[in-house]
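After this come two complexes, each holding chain A, first together with chain B and then together with chain C.
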Partner chain A sequence: MLFKKLTCALCLVSCALFYIGCAGKAPSSSSITVWHWMTDRQQAFDELAKRYEKQTGIKVNFELYAPSDAYSQKVRAAAQGQTLPDIFGILGEKRDFSSFIKAGHVLDLTSYMDENQGQWRKKLFAKALAINEYNEGNSYGIKPGVYGVPIDVMTIEMVYNKDLFKELGLNPNRPPQTFAEFIDIGKKIKAANKQGLVSGWGEVWMIDCLANNYAFNIMGKDKVIATIKGEVPYTDPDWIKVLTLFKEMEDSGVLANGLVTMVNKTAEQLFANGKAVFAFNGSWCVNVYNGMNPKLNYAAMLPPKASDKFPMTIWGGAGSSFLVNGRSPRAKEAVKFLQWLTDNDQQAYLAENTRNLPSNKESLKKIPEVLAQFADDVEFTTHPNVWGVSEFPAVIEALDKGIQSIIIKERTPEQVASEVQKIKERELAKKR
Partner chain B sequence: MRIKSTLENYIFVLPAVLIFSIFYIIPFIWVFQLGMYEWDGILPTKTFVGLANFKEILFADKIWWHSMLNAGYITMIALVFQNAIAFLLAWACDREIRMKNFYRVIFFIPPVLSEVVVGLVWQWILDGNYGLLNSWLTALHLPQLTRNWLSDPQTALTAVSIVHCWKGFGWGFLIFLAGLQTIPRELYEAARVDGANAWQSFKNITVPLMIPVAVTVGILTVLGTMQAFVLIIAMTGGGPAYHTQVPVLRILASMRGSSRFGYACAQGITFGVILVAISFVQYRFSKKAKA
Partner chain C sequence: MKTTRYYKTKKITVNTLIHMFLLTVSVSCIFPLIWMVSSSLKTQETIFKDTSLIPKEFHFENYYYAWIEGGFGRNFLNSIFYTTAVVVGIIVVSSMAAYAFSRLKFPGRNLIFYVFMAAMMIPIPGSFVPLYVLLTKLHLRNTAFGYILCMINVGLSTSIFLLKTFFDKMPKELEDAARIDGCSKMGIWWHVALPLAKPVLAVVVVFNALNVWNEYVLALIIFDSKPLMPLQVALMTFQGEFITRYPLLMAGLTITALPIILVYLLMQKYIVKGVTQGAVVG
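Then we have the complex of A and B:
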């Protein structure tokens, strides 16, 4: 009898524990929860949270979830279960961002941005803000407005090792300006048995980034957008020219061995340790390289232009952005905190401690020299999130994997262009 | 009284049934249901597409089938080499050799290591520029054999397969060893008295008695290898191009890269059905072989 009673009690306790485990945390009115994935910034965020609590009495909990893939999954799962925190970020394309907005997970910040004659908006880099903005008549069907706050700015371009430049007999203060010069340096690199360009091309989005840079340079923004809209095929001679650049880079020896399966962390280690002449990386690399090798002598440069027809355009804008949960009972407090976080002093603190470009224009004074070079190139930036249209993920994957095939000499640029176009047509037909 | 007793029995199994239903049956039904929708995983609305996702997988998704072939290749290597090595080592350790307990521990180290760690260590060993393997080959005056093992389409999949075998043979070793230890020693002694040599004993006693164990190891190898992906992510990320793509990576790509949750669910169901079918065929085949 006692055994039965005990078993029943155990069952009840288990059920209660199960129920408690499934229940969410009770919200506290004096605390704000922020979810993020930025491992390198947790310490700085915690310090800022302490300062904010001291000033306002509101506690801010920065909860770090890494790596970024795991973070992305967590945010999606939380969105499905409507358990998103007060402030969070999204790692994904504009399409995903739009879905979060449509599902009511993101607060429209336009009114906050525009109050006091647009004081908040004016402080931030317009290009960084644009990534979180939807214009009139956007293809995603989102009400025009600002839906996110950039906390830093990034640009993705090339960096080169000045010491290795000297070893190759090159002027360390004059990086290659044209693609032809770049290819010539590639030949020198090959002859000297050194490694050329390293990058995270095993994570295909970085190939996509450089391919788009050259697409903008060779055919201009309008034609790139027209391609995404399906009005220009990928078999167009200009696209083949873009793909051929990768073949030329491989043939010249400017690409490091094993680049097609290289992850960015490995690329960063190779460059930081002086084992590669060039790297294609984002401005966040300044902090990474500093951590790996503070004595690294390098500089930033735009990818060498392949054409004079259009300017060289690089990806950039908002590095990381925070969004306010549209369903949060503390949405107003969360907005106030983000206003404070993007204010001059906090942005200067973040820039100084994390070596990332601040999103606040007025906080650029205390940044290192190389980072200032990245900052100078913000004017050349664009980003898929501001184009108003998105390419099908299957097409992006086919293009990126196709470029890998060109580099490993398995496909010609023409073959890749034709395969990408086939997938594009399939996706367009599906959409219709 | 009988009703009370039956009720009691039901109450006792209820927690297990509940847990099994909540964590296995309901998610399975849900995944199957989601497979019939086009959904990005965020929006509250889903578009019903019927069996269109399954049709696309079966007839239009070439990369999916390419990834199945890749997984099949890794599985074949694992079935043949990994299990052969596991069996031979188990057989050696089952005999009266010195330090056999030490070997048992050593052989079981790879399976208990984290797949990510193993992947990264082997990535470093096989690195084309600074890897240990190429350094050794150069030191052995064989520089013509050096290459980018993981970036070369000729070697990437085989390199990944070999590392997978290295990582996984310990499980097979353990199961084979347990199986070998269940064979009565008297059988070998009787065979020896009858004049059988070592090969005859092995062929006529060890092999037939080990068939059920080999079937179990084979099924576990197929299921484990077909679903391998962590090691591959850590070593090649599925590249170069699609040369080391495997089905689980494709499911992840559908979910994360394309935000097609419905399609990813349909891929998961299709993959599950294929695995069940393979296991069933393997089981039937082994039953016949045993008979």
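Then we have the complex of A and C:
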């Protein structure tokens, strides 16, 4: 009796599982599949896919897999299982990107970029394209060329609240140009008992970003690269000067309370609600602030320069990029679709609907004013992914945590520089 | 007289302190739920400005948009199906395996048991890529069957451990009596061991149901088809890289929390028994 019951139950379960086991649909051979993680862009992508199908008869499926860390795991797993879609994106450092290229998962787009006298290449911001480009003699051992298509660009810089500027007796249309002016404003903020700069410095990469901005401004790109290569020590006076800027910022009162443990979501909330004078954030913040407080009166600015020796450089370049699967039987169709997606009209549509900076230079006319200010600064951008060399993660961590300890007055800039250098030497010795 | 008053005062003071402590714990447990429901009735703008628990305006439409935009209808049914199938699978396999480990003597019994226990130590994200490759080779990727098998595998080790501990303490006399009455080994498992293990089975059900209901990373990795995705993946559509649509996310979370709260309430009696009666069996 018991066995009969069990057998019946197992048969029922098996039938159900067999039925649902067949439920997975294989993509149609004539359609292009795109995997992405950009939740806020799904609706716009779907609309563009409809337009593309109407124009060409080719169906494009934008498949959203969020959040981004789970998406990254899916892409890595799919690469190992050789089941990547026609178009996908990679989130991570350039060395991850390089490993995908080496494994043959990414199509070289150089010939497509250069056809018709480089028509496609010319439309895109060079800085954005550079993120997906490998130059001659790159340290990753990749054949020189372009391997990805930026669909938007981003810059990371400062924003300031114009209304709070007025309250502090400052000209809302003239943000601080120099570090000294910035520090002076810090004193006014402290006297008025307001909060100064907010940012996601609890997620340490944003500190790294600002520290690098000032490193480029104080010592220039070549010396920063030489430091990464191990030719210049972190105990160099220029690096101490960079670290000292953070001490000066803290002493002046220009940094908000609790900044070192602040996550970017909190920083965005504080700035959007008019509770902080400055924020250090990426161009994506335009969309974020609009969602939190559409009436926020603010403007974008470059971080105030600390030296006249070299120009102020900010992190930026490609925001999100798409790659074509090197093994896809529809690779050519996928490239054509990306050419269409980065064309003027589609880029203008994306910028208008998602408030992201378009990667197409000719599509900047319809974007909001603050976003245009971010776009104006694209020429000042750089990114670790285009330097050709990468700093050891342990060194980056030590530098970032060291800056945090300077802000909370646990260590001096000299102590941090010395500790970072020790870790650098240890990592270099390991590499040798 | 003095002594009675002293003891009364002491009792009242101790009880007040205990109740104050329990009230604090209760409030800290319930507050996030209340905040979730409250936030689900606000707008994206007011969620950052209006910190009160009772919103000035109630936006019940958030529930409608969460249901429609998240595609909850299909995903909700999927989650119910996956949870039921996985929990049933785990109960059948783990109770049989635990009974065998506890009562049957076969070569390598301890070794196999320790291997199962070792599986508990492997972090689940560490097995994603091998699982993906294995399922692809077995043509089970992007199928509900493949996902259910993986999730059964995830829950087995802990469930076997819990049930084996229980069966180890079960008096052998009960089995002997059943054997005299003509029960086979399967019969003893079904008629004696399983009914006695109800409190532990309730713990296994709740523990695994929660685990499957809240799982989304493995589902996201092995499914490509949207119609196969569970509810939690649909929830993630409200959480962008830079922007999170909090009202819809909170409305979605409220919807997803309801079934699991219901399961917990239904099983509560057994869970308390399972925890308190662990030492007394039979």
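Quick note on the criterion: the second predicted complex is superposed on the first by the 405 of 432 C-alpha atoms of A that agree within 3 Å, B and C clash if a C-alpha of one lies under 4 Å from a C-alpha of the other, contacts with A are read in each partner's own complex, and residues count from 1 in each chain.
As a working rule, a residue touches a chain if its C-beta (ideal position, glycine included) is under 8 Å from a C-beta of that chain, and two chains touch if they have at least 3 such contacts.
Nothing here was measured: the structure is a model prediction, and the numbers come from that model.
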* When the two structures are overlaid on chain A, which partner does A:Asn293 contact: first (chain B), second (chain C), both, or neither? -> second
* To do: In the overlay, answer first, second, both or neither for which of chain B and chain C A:Glu115 touches.
  => neither
* Asked: Given the touch rule stated above, what does A:Pro67 touch, chain B (first), chain C (second), both, or neither?
  -> second
* Given the touch rule stated above, what does A:Met38 touch, chain B (first), chain C (second), both, or neither? -> second
* To do: Please work out whether A:Ala78 is in contact with chain B alone, chain C alone, both, or neither, and reply first, second, both or neither.
  => second
* Identify the partner contact of A:Gln269: answer first if only chain B is touched, second if only chain C is, both if each is, neither if none is. => second
* **Contacts of A:Asp345 with chain B and chain C, given as first, second, both or neither** => neither
* Examine A:Trp284 and indicate which partner it touches, taking first as chain B and second as chain C; both and neither are also allowed. => second
* To do: Once the two structures are superposed, pull the chain A residues common to the chain B and chain C interfaces.
  => 73, 76, 80
* Asked: So in the complex, which bits of chain B are touching chain A?
  -> 8, 11-12, 14-15, 40-44, 60, 127-130, 148, 150-153, 156, 235-237, 239-242, 253, 256-260
* Structure fact -> Per the touch rule, the chain A residues reaching chain B in their complex are 4, 7-8, 11, 14, 69, 72-73, 76, 79-80, 92, 95-96, 99-100, 102-103, 105, 195, 202-204, 256-263, 270, 275, 393-394, 397, 401-402, 404-405, 407-408, 410, 426
* **In the complex with chain C, residue positions of chain A that touch it** => 2-3, 13, 16-18, 20-25, 27, 37-40, 42, 63-68, 70-71, 73-74, 76-78, 80-83, 265, 269, 272-273, 282, 284-285, 287-288, 291-294
* Asked: Within the complex, which stretch of chain C touches chain A?
  -> 44-45, 48-49, 81, 85, 88, 125, 128-129, 132-133, 136, 140-146, 148, 186-187, 190, 216-217, 220-221, 223-228, 236-245
